Amino acid sequence: MFEQVRDGAVDIDAAVSRMRHMPFEDLGFAKVDHHRALRHGMPEVILAKGKTPEQVAAIAGRLLENSPNVLITRADRACADLVTNQLQGGEYFPLSGVIRFWRERTIRGKGKIAVVCAGTSDIFVAEEAQLTAEVMGNTVDTIHDIGVAGIHRLMHNRERLMEARVIVVCAGMEGALPSAVGGLVSCPVIAVPTSVGYGASFNGLAALLGMLNSCASNVTVVNIDNGFGAGYVASLINQL
Amino acid sequence: MFEQVRDGAVDIDAAVSRMRHMPFEDLGFAKVDHHRALRHGMPEVILAKGKTPEQVAAIAGRLLENSPNVLITRADRACADLVTNQLQGGEYFPLSGVIRFWRERTIRGKGKIAVVCAGTSDIFVAEEAQLTAEVMGNTVDTIHDIGVAGIHRLMHNRERLMEARVIVVCAGMEGALPSAVGGLVSCPVIAVPTSVGYGASFNGLAALLGMLNSCASNVTVVNIDNGFGAGYVASLINQL
Amino acid sequence: MFEQVRDGAVDIDAAVSRMRHMPFEDLGFAKVDHHRALRHGMPEVILAKGKTPEQVAAIAGRLLENSPNVLITRADRACADLVTNQLQGGEYFPLSGVIRFWRERTIRGKGKIAVVCAGTSDIFVAEEAQLTAEVMGNTVDTIHDIGVAGIHRLMHNRERLMEARVIVVCAGMEGALPSAVGGLVSCPVIAVPTSVGYGASFNGLAALLGMLNSCASNVTVVNIDNGFGAGYVASLINQL
Amino acid sequence: MFEQVRDGAVDIDAAVSRMRHMPFEDLGFAKVDHHRALRHGMPEVILAKGKTPEQVAAIAGRLLENSPNVLITRADRACADLVTNQLQGGEYFPLSGVIRFWRERTIRGKGKIAVVCAGTSDIFVAEEAQLTAEVMGNTVDTIHDIGVAGIHRLMHNRERLMEARVIVVCAGMEGALPSAVGGLVSCPVIAVPTSVGYGASFNGLAALLGMLNSCASNVTVVNIDNGFGAGYVASLINQL
Amino acid sequence: MFEQVRDGAVDIDAAVSRMRHMPFEDLGFAKVDHHRALRHGMPEVILAKGKTPEQVAAIAGRLLENSPNVLITRADRACADLVTNQLQGGEYFPLSGVIRFWRERTIRGKGKIAVVCAGTSDIFVAEEAQLTAEVMGNTVDTIHDIGVAGIHRLMHNRERLMEARVIVVCAGMEGALPSAVGGLVSCPVIAVPTSVGYGASFNGLAALLGMLNSCASNVTVVNIDNGFGAGYVASLINQL
Amino acid sequence: MFEQVRDGAVDIDAAVSRMRHMPFEDLGFAKVDHHRALRHGMPEVILAKGKTPEQVAAIAGRLLENSPNVLITRADRACADLVTNQLQGGEYFPLSGVIRFWRERTIRGKGKIAVVCAGTSDIFVAEEAQLTAEVMGNTVDTIHDIGVAGIHRLMHNRERLMEARVIVVCAGMEGALPSAVGGLVSCPVIAVPTSVGYGASFNGLAALLGMLNSCASNVTVVNIDNGFGAGYVASLINQL
Amino acid sequence: MFEQVRDGAVDIDAAVSRMRHMPFEDLGFAKVDHHRALRHGMPEVILAKGKTPEQVAAIAGRLLENSPNVLITRADRACADLVTNQLQGGEYFPLSGVIRFWRERTIRGKGKIAVVCAGTSDIFVAEEAQLTAEVMGNTVDTIHDIGVAGIHRLMHNRERLMEARVIVVCAGMEGALPSAVGGLVSCPVIAVPTSVGYGASFNGLAALLGMLNSCASNVTVVNIDNGFGAGYVASLINQL
Amino acid sequence: MFEQVRDGAVDIDAAVSRMRHMPFEDLGFAKVDHHRALRHGMPEVILAKGKTPEQVAAIAGRLLENSPNVLITRADRACADLVTNQLQGGEYFPLSGVIRFWRERTIRGKGKIAVVCAGTSDIFVAEEAQLTAEVMGNTVDTIHDIGVAGIHRLMHNRERLMEARVIVVCAGMEGALPSAVGGLVSCPVIAVPTSVGYGASFNGLAALLGMLNSCASNVTVVNIDNGFGAGYVASLINQL
């Protein structure tokens, strides 16, 4: 821009004005960011929790004008009904609460992402990770119910795990699966503690602390139930 | 006693008096309980932490008059010096802080107790469990450094684990080992969270919560670093 | 297997294939483990919480093909209705939320298990422990409402407690009963903190911490409200 | 004062001035309150923790001019040395860290205060309660080491407990003793959680929560290790 | 009894049998304790929370046979409807959830109990304390909404506070009122943290911690929202 | 008053009586404080949470007799309906739950208050701050959805922020915005953690802790979701 | 800059270079920020905790080249010795750990700042606030030891408090003083929880939570023991 | 192996024996794992904390026989002295406590890893990450002291950050830097909370919670002060 200004190709007012027109659009209650796709190579994402269905639909509508793919997470049924009625092409996954607009399906990931969960009750989180990784252009291999208390189930899937370029592991209760998986493979493991459990699980705190203290060195952690974040980072890694 | 009273073999005052002489001896700062050995089939135990070396030595002296075996836990070097100087036959284990008087060595346990720990740093707790189980008359098999991040080390020891009648598992950090061991065997597993770790281990809280939420059904838990309690209960079970 | 392969009794492909057919069945959302009964000498258990009624019924159906006894815990009314309609022989216990299929009733325990609770409000947990211990082949003696604030109620039941081979003690609020019971008997005591209480009970945390710090050496602890786990371990011990 | 002002016996300036001379003396770093003895019928108390020995000695000196009895709590050896050198008549109790000036020894309490502790390690707190109650004019009966894991030791002291007008109970670890004592007697019980324990005792938190959730209705609680507060309130009650 | 046995007035079997008939009645799900009134000089109390309305009604029915006054706390509307329909003479107070049977109204307290609360939202707890203290035979003076942020409201009521023999202070949020009241009076103050507040009040934890750390020495604390316990202990003190 | 008494203009009884008639009115369940407006230069505020709609309406009615402006916070729809039906001139804002009577609209603030929030979901708190600051006589500039993960949105609004005399910043999740804003400006920043988030946000605890540890020196903090408090203090500052 | 570039007064490389020379100086281990004084109208501050004495001295040396006044907080004796030896004009305050270079002493504050603390033990925090406010150009009035348990000491200082334009209140234990002060005055109150206390004070957590839940609306809060932050914000407010 | 057994090339005993010789060496107190380098493409790492200097030296000695590079973390001076005396080629970094044997220095990473920290006090953690990433074959760019309160320092380094293939961000106090960095770049960000701070930082808990709740989607988290883990995972990612 400096060069353009010096050369007279852009005058000062225009330069200032252009800088003012930042790459986001102001809806009042939200700044819609059309450049995030650009910056992170991915579709914009809307966290529906804490927003009214109308706000979600409005933001999604604007985003779909610029981006083929949009992901909405933590949407309840009422939100999903409004959004899928107002906007074409969205698919709702009630278990995880995801609404996905997946209009551009190029594979960008260089390898396979494995999404693993310890028990049947953790699938709602694993699904969020899977849907995220898919919409970001990855091939995903899902393996459910291979928690450490039945270690032969884990060992049985060892090869599939070793084929992955990055692995997302979702587990509640004691959250031990990421350590066990991490010890079996040499790729990065993204651990997602889930709120599955009762009593001293304290809504996922036990699993979270366990994962943060993993004795496997290749494990990093995201927030409790944050399947989206895990799928997102796994995608970034898989595109490297 | 009712019968003795009716028959006149014991008069009322004597009966009342005998009831007053309960099976403990009052040292003022402590009630020394000579019947616990009787009740639990084991030597009396003294927790040295929070007591002066003089108090520990005084209590130990009284107990040794009635019991061949006495165990003192959490003794520092100063306490150990005083006790082993004043009382003959005590052995001090500085790693775990145990002083053991082991004069009667009958084997009472019906099988083998395995004492397992996840990492080298957990040995100080495992040793407390081992020394306790031994003094209570058990054969103990110790296996160190088989944490879940190197699961082949665990699998390699599977047979030894399956030979045990009850297993004590000590682990810090994420505390995942009891779940993995619990899934491999069908005997009771007593989990001991250790204070090993840093940061979000919160001095053993992470391991404690993990173990309480174990997805293996055969796991029960004792306090952080409580190797003694685990060895004690393992002995009770092994004597059944 | 090595011998069979060498002798030609099993060819390599078959050996590999047999190893692939691990002792679990893959329903997609769950790996049904037909060997657990074998490994732990007990029926398979399904934690209904976090699963849909349909998932619970499907898993239970598969398990009942191989196992005479199946226990489903934490089932709400809707789940119980579906399961007991689809599958014959199940009994629902609404207080504890247990569904029990108890078709094979051999007594396997060598002695009696006592299941004790501190207050009337703790019965829902004690019942889960009792039903578990029973379906695993034990004679169970239940004693309700003998908390420490009325210590004569506890002393009154001292003999029944001393007759047990292992004792499960359920208590909320301050969780003091396991210590008092543990001091009276010499057998293992499994303490179950319950979520009964309010305010600074923090949903069972106070009872949990109290039990972990029990000054009675024969006490181990399971998760808050985990009557199932306590009954399970008590059964393992009673079968030794 | 209104009357004095109207009658001219006191002029306005003097009235205002007199109101300024509130019943405390300003040392700059402390407001020494000579009326508290008056208000609470007891000697002034200084918490030495967080003050320099010089500050403690200065405050104590001023207080001793107006009050025969002064209690200093949580004083370390250095503080005790300075205070007892500078001021005559003080006695230092190193276990509890109390310095006591007890020059006026009238018995004001109407009955006996029992000060009870669960284990030998809790005596340092019980002593603070005992010294406080004595200096406030009470007859104190101390009973040590009667924790709930040996309930016969508690039952053995039942009569002494029933003779008290108010009872202070100090206990660490699971903190169960106040509930058991509270169930045996009908007088008020003041529970003092102590920091005795390790691991999940979290420096007295477990005992504190246990006592707050006591199922005995006659129990109130003070801060962890606050023997002084318990002895103080017990004295107030015993003087009613 | 020993004498009766020796004299032959009571034979051994009868003695044993009589000891078996302890002063409680076993309803299966509850041990109804007819001696507590005797021991504590007060009516039996039922905590309705965690019990079914039918259980509450059954226990209350038995108690009313032996005790003129019965207090039921934490009863919801459904429980209150059943109890007041089945049993005559009960009055329901929906704000605090108390059902009170108050058939014997002798004044036993020697002075006045003040029940104070910091804000209008705390009245539900103060009412529980008031109803308890009244049914135990006390004159109660209630003062509402005198929190420390408007300290002139507190000072305005200073005289009424100083007339009390014991004071119950209920406060949520920062829980500062007991310290301020405690500094004004010289009688015992029983502090009740309430769950009133939001955010960092953590359901009463902030108030609880504040009260436990009160710099006023005459303050003891009960559980969050435990108006009953405060009223109970205040009554015990007022009857001394 | 002293002068009036001396001069005889006011007799003693009247003086005493006048002192009794403190500047609050006693409704029994509440002391209505007509002087707070006087003391803080602002309308009285009612926290509706924990009060019945009838109590809120009664207090509001009395306040409106003396004060033109009244603010009611945390009112649900039922409360709002009753209040706006009974009392004229109130406006209800359902997002924040505020009812505002704004009859006197003088601008008292010397500059502009900026009310900023990190995400769309935080607006419910920002609105409470904005409505409070407005009713206290301030010009408010609101800026929504400028969280730190899109730092260009923050930089884009830098000038508007620098024009403010004091800034309220509302943020949930990691609560990082106040630090970033604080570093950009030199005026006081009042940080409001919000309960927006999930999992390890622990209902606003993460944001609260973050803000308390802000490395920007010009940040102070109020309770989670306490938009009212932030708006209130911002107003006090802006009127200096 | 755009204009200069277009006009050729600055060439592109120089413009880019100038933008690189941001208003901070890079010492490798620290970016020394010479513009902060400019931005916040105050001297730079160094938190010594976590830095070596050499690092502190190096940073302070650079800052003193551009700024007359420098404040160093949390310096221990070793750090203070090095700094005051190497750099002229610094004064060390061992109670609070502050080193102050105060070479320019213009009064910038429009009124008086009161710095208040509840007890003698809180003075170390109050001193940090006082020194900060003074070096930023304010007249400070300090009042020590006026905690709520002796409310007449607070009332006695009411006038001094009402003369302040902004008040800093430091308190440990229950942290009740800010609410009481806040109710007496109408100016902003900045509350500083201190780590003074023991047991359930949890190193200042009790005071922190209490202050965040203050029922006085004019209170905001800073971190535990953060006297510097409170003095800093009070200065910003007093300069408005 | 099956084929070798069938073909007779390996007899059964030898096969069993070979399986017994798992890829680790048993030192009794530790199982030294020579295959981890193989599995993770990196040198073995020893956590010195909790091990005696002798144990560390013994394990390191064995590892150095098979691996050119060895990393020892959390070593104090005594451990470092023993290790560097006994084993040639180790370099000790006292700030982070790392001992590094770096004998093989091939660059394996495909791009640059940036290691960033918020303040000078965080460098001890950043150094651990840097040393780890270097020994694993990466080019590391370190940027210190660019916390969010001086956002121009962050913006000034934007280009360097955008050149990195993966970024490690270390921050204590509020832990906001990873969110800000994450929003600027599109590569994976590994956040390391540090224990830097005081009061409500709770030894890094505040930073940990903040990072787990980051609103930037490309952030994952490791344990408090776990620079090693962050450097390790960054290396794995950079080698993809």
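Read from first to last, the chains carry the letters A, B, C, D, E, F, G and H; within each, the first residue is number 1.
One rule holds in what follows: a contact is a pair of C-beta atoms (placed from the backbone, for glycine too) under 8 Å apart; a residue touches a chain by one contact, two chains touch by 3 or more.
From a predicted model like this one, the values you see are computed outputs, not experimental measurements.
Counting hops only between chains that touch, chain A reaches chain E in a minimum of 2.
Comparing mean CA positions across the assembly, the chain most remote from chain B is F. In summary, the pair chain E and chain F forms a contact in which the copies contribute largely different residue numbers, shared numbers making up under half of all those used. Of all the chains, the one whose CA centre sits at the greatest distance from that of chain A is D. Of the two chain pairs shown, A-B and A-H, the one joined by more C-beta contacts is A-B. Chain D is reached from chain B by a rotation of 90°, derived from superposing Cα atoms (nearest 5). Centre to centre, using the average C-alpha position, chain D and chain E are separated by 25 Å.
Centroids built from CA atoms put chain E at 41 Å from chain B. Chain G and chain H have Cα centroids separated by 37 Å. Chain G has residues 119, 150, 199-201, 205, 208, 212-213, 217, 223-224 in contact with two or more other chains.
Considering their complex, residues 20, 22-24, 28-31, 33, 36, 47, 49-51, 55, 59, 74, 193, 195, 203-205, 208, 223-226 of chain E touch chain C. Of all residues in chain B, those touching chain C in their complex are 39-41, 45, 110, 165-166, 185-188, 190, 208, 212-213, 217-224, 228-230, 232-233, 236-237, 240. Of all residues in chain F, only 118-119, 147-151, 155, 172-176, 179-180, 182-184, 197, 199-202, 205-207, 209-217 touch chain H in the complex they form. Across the complex, chain F is touched by residues 119-121, 123, 144-146, 150, 152-153, 156, 196, 198-201 of chain E.
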